[in-house]
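Report on one structure; see the data block that follows.
Each chain carries a letter (A, B, C and D) given by its place in the written order, and its residues are counted from 1.
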C-alpha cells in the first residue's frame, strides 16, 4: 500500500479506536472511569478519553507519559509489532546494594511496569513499511540503560542492518543504570557502534525523543539518528537540570532543556505533536529509503 | 615549603608522623625516657603506614586519582612524545583547552595522534582548562584529530583524566550530548589502533567520549565510573556521606575493571600514589602504550574496526 | 489598497498612468477637448510601457529581482512540492531560518531534497529569516540535508535568493567562511543530481554555497553576481551612484550568465517581472526542474560527480 | 634525508643567508641601504636586515608583507621550487571598464609586482619532502581570485593528486576578482572541488593564512586544509571589516578577524611565527603522510 493510500485510509480511523485503552496493562482497564488532572491546564480529564486521545490533553495539548504498549498502538500499523529479545533479562553483576539492593529495584520495577526491562524492541510496520522499533519504558528504573537495554538496542540495530530495515527509536531515560556500574556506561559505546554500522550500510534511522530523555541515552544512540523528532515540552539533555543548577549556582533559563530549546539550538529536526507523530514519521521515512548502491555517504 | 595536600585516609598517618617529628626535636639527653617512646612510635608508624597504603579501598583510590600533584596529561605528553604538535579548534565555534589534541612521536619512533583531558597544572591553567571538564567544542576538536588519524593512518593514544563533561548551560545548549555521541560513533569506526590510558579520573560519558578503543590501560589508582561516588551516594543512598560505600559498590577501580573485562592492564603506582614518584609511572605508561601498539601491528584497518566492535559487543551481563 | 512598490525605472511610467487616471476622472462632457488629450496620453502610455519593459537594463532587472512582492522560496516550495517535510538545525549551534531545508515530492512523483534561501514574506518573517542572509549555522543545516540527500539517493533542488551571507560579527566569529567553503566542497562531491534555480538575488558566496550543481536555471530577471552592484560601484568607481553601470559591467543577468556558460536555461517572466503574475513563472520553474532531473536520469553517481567537476573545470577564461 | 637530520642541518644556516634579498625584484637590490619604519613599534629598520630576518621586526615581531619569492626562499629547501602553469595569463572576458579598465589594472599590477598573476604555483621540497606549493601575491590586484588564480590553484591540486604529493598553500587575498564577474566567483567552487578530490585521495593539505586573507579565497580552498596555520596578527575573514561595521552599525570588537581571534574561535589550528614556519610546516607534514590504503576517511 502506498504512503498516500495509507494516509487517506488513516484519516477515517484516525485515533478513534481505543487502541490506547487496549494497550494499558490489566489494572487500568478498571480505571477507565477515573479522572486525571492535567498538570498543564489543571483540567480534570477522564482517563478513558485520555487513552483514546493518545494521552494528549484536549484542553492544553499537554503530552502525558505513555506506556510502550500505548506508544506502539499509537505509532505502528495495528497488530504489526512483534517483540524480539524479550528473553534477555538483567543480572546483578556488581551485587549492588544501596538503600535498596539492585535486585529489589528490579523486582519493584517489574511489579510497577509489568515489563522485564526498560526497553521493548521488535519488528513493526508503519504505513505498511517494515521497521525495527524500540520503545523505552520510563517506569522501569527511569528507563536507565543497563546491559539489557544496551544489548536489546544493539541487537535491534543489528537486525535492522541485516534485514536492511529502517530503525525507529522512541527514547525516554534518566540516564545510565548506576547499579551496573561501568557495564552500563559501556552500553553507550556499544549502541553507538551498532548505530554506526546500520548507518554505514546506508540505512535510515529516525529517533523520537520523549519526556524525559537524559544522560547516557541522549549522549549515545538517541541523537545519532538521520532525523531527530521530539514531542512537545519534553525535557532533553545530557546533565540533569539539578546538577547544572548546582554547578553554575544560578537559576536556569526558562525553557532550558525543553524540546523547544533543543530545536532553537539546532539539536533536533522537528517537534511533532503526538497526534501527528504517526503520519509525520511515515512521511519522513518515505524520503529516507536506502539507495541502490548503499554504502557510506559523503 | 607549602603544606602537602593531605587526603582524608592519610590523616592519622600524617598526625603520627608530626607527633614523632616533634618528639625527635626534643633533647633526649634531658629526658632519656623519650628514646623508648620515640622507638615505640617509630615502630607504630611503620605499622600504620603499611596499614594505610597496603590495602587502599576504592574511595581512597578515588582521592589519589584526584590528587592535585598527580601527573597530568600535560606531563605524559611532555615526557612520552618528541616532536609534539598541538592543534586547536573545532572549526565551528571555539577551542576548548580542557582537551589536548595533537600529534607526537613515541620513543620507539612511532608517530601517533594524541588526545587527552587536560586539567591544568596550576591554578591559572586549571581555570583556563576548566579543570579538565570539556565543553562540546572540546569533543569536536577531538573528532577532528580522530579523522586526521584515520585519514593518515596514525594510531590514536588517549589520556583519560576528567571528573566529567562540563554540566553547564552553554555546554548543554551547544550539544554536549550530541558531541559525545558523535565521538563515540566516530571512535568505533576508526581504521587505526586506539589505545586509551586511564591516568586519573574517568568521569562517565565525558571520559568515554575519548575513552574506549582496542586497549584500555589503567593506572593502579585511576578510576573509571558511570557516575561519581558523591552523586551516586546522593541519588541511591539519599545521603552525601555514603560516597565511600558507593565507590566500593560501583566497581570503579583499575583492578575491578580488569575483572569486568573492560580494562586490559593495570600499571602499578608507588606506595601512596603516582604523585609520590611520577617518573617510573610515566615511563611504565610509555612502555605499556608501545607494547599495546606493537600487539596491534599488522592488523588490517577493517580488522581493527571489527575487533573493536566485538570487544564492545562482549560487554554487558544479562540472562538470555 | 496599500501603494504598490515602485521601482526607480518605473517612475515615469507610473507618473503617466496617474496623470491619465486623473484626466479620466474629469467630466469630458464639460471639457470635450479632454477626449483628444486622453487619447494622446493613452497612446503615449502604450509607447512608454513598451519602452520601459521591452529592454530592461541589468540594473532594472536587479531591482525586479529584489522586488518585495517577487515570489520567494516559500512560494516555490509551497506550490511545487507535495508532502513537504522541513528539517531544522545544524546539530551544533542553532537553526537558521534564513535557509529552508527539507524534503518534498514533485508533481511527477519524484522525491527530492530541497534547500533555499528564505527571505520571508512579511515584515515579521523577514526579520526572523534575517531577510535571507544566512549565518554559518544555515549552511551547516544545508550540509546536513546534502548528506542525507547523498545517503538516500535523493536529487537536490536549491532555490537561490539572497543578497549574500550575513556580514555580522557573530557570523564571522562562528566561521562564515568555513561554512561556505565546506558547503562548496560537499556540493561538488554529492552522488545525486543537483539542480539550482536562481529565483531572485544571487549574492556572491552566500548564494554559491548552495548555488552550483549539474544545472543552473535562472529566472529572466534573477541575477547572480560576484558582488552587489552597489558595493562594486563604491569600490571600483569610487562612487555609489554608479551601481547601474556596475550592474551592466558585471554581466550578472540570466541571459549573460548563459552566454558565459554558467547558467543553462532562462525562464521568461511576464512583462514587468514575476511579481506581476507569479503562477505561470512558478509553474514553469517546476516544469524546468522536472525536465532537468529527467535529463540526468540513469547517470551513475560517480558519473554525476565527474560531470559536475568537468562542468566547473570548464569555467574561467585565460590565455595559456 | 630524514626530518630530524634536516632540522639539525637547518640550525646551522637558519635564516642567515640573504635569501630574502636575492628574492626581491630588481628595484630593491639597490634599496638594501634604505630604512623602513615598523608599523608595530615605530622602530626604523634597515631594509637589508629586515630581508635577512624573513621580514619580521627584530623589535616587536611585526610580520611585514613578503613577496612570493621571499616566501618561497624562507619556506622551501634552497633551489627546489620550480614554477608550473606560468604561461596562464588573464583575459578581460567581460571587457570590464570602471575608473580604470581591467586591462589597465592588469598592466599596472604586472608593473608593480613583476608577476603575471596573483598566485605562484609549483613543485618544491620542504625538509627534503616533495610538495606542491602555492603562494599568493597581494601586490597583484590585492591577490584577488580570477580565472587564472582559480585555474592555477586547481591545477596545483590536480598535480598533487596525480603525483600523490602534499599541497601547501600560502594565502593572501582581498577576495574575488570583481572584474571577471561570475567567472571569478565560480573559481571558489572549482578550487574547492579540486581540494576535495585531493583529500578524497587521502592526501594531506596544509594552508598558511597570511595578512590579509578575505572573501572568496577564505571561503574556499584556504580553509579546506587538513591543518590550517596562520601568521601572527594576520587579518582573516569572509566579509571585510568595513562592510561588517556598516552592516551592524557599531564598533568592531578589539582583535576582530585577527589570527588570534580565529584561533580563539576554533577556526585555525595554530598561529606560527614566520621564523618558526618552515620547521613547523615540515614537522606537521611529517605526521600527515598518506596511508597505504589511502581513500576517503571516516
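Please note the rule applied: a residue touches a chain if its C-beta (ideal position, glycine included) is under 8 Å from a C-beta of that chain, and two chains touch if they have at least 3 such contacts.
Since the structure is predicted, the reported quantities are computational estimates derived from the model, not experimental observations.
Between C-D and B-D, more C-beta contact pairs join the chains of C-D.
Look at the CA centroids: the one farthest from the centroid of chain C belongs to B.
In whole angstrom, the spacing between the mean C-alpha positions of chain B and chain C is 56.
Chain A and chain B have Cα centroids separated by 34 Å.
One inter-chain figure worth recording: chain B and chain D are separated by 42 Å, centre to centre, where each centre is the mean of the chain's CA atoms.
Residue positions 265-267 of chain A each touch two or more of the other chains. Chain contacts: chain B has residues 91-93, 174-175, 178, 189 touching two or more partner chains. The residues of chain A lying in touch with chain B in their complex are 85, 87-91, 93-94, 96-100, 146-148, 150-151, 154, 176-190, 192-193, 195-197, 200, 215-216, 218-224, 237-239, 243-244, 247-248, 252-253, 256-257, 261, 265-267. Partner chain C is touched in their complex by these residues of chain A: 3, 199, 202, 204, 226-227, 263-270, 280, 283-284, 286-293, 297-298.
Contact residues of chain C toward chain A in the complex are 83, 85-95, 103, 111, 113, 137, 141, 146-148, 150-154, 186, 189-191, 301.
In the complex of the two chains, the chain B residues touching chain A come out as 165-169, 171-178, 180-182, 184-185, 187-189, 204-205, 208, 212, 224-227, 231-232, 235-238, 242, 245-246, 249-252, 257, 260, 262, 308-309, 312-313, 315-320. Partner chain B is touched in their complex by these residues of chain C: 91-93, 136, 140, 174-175, 178.
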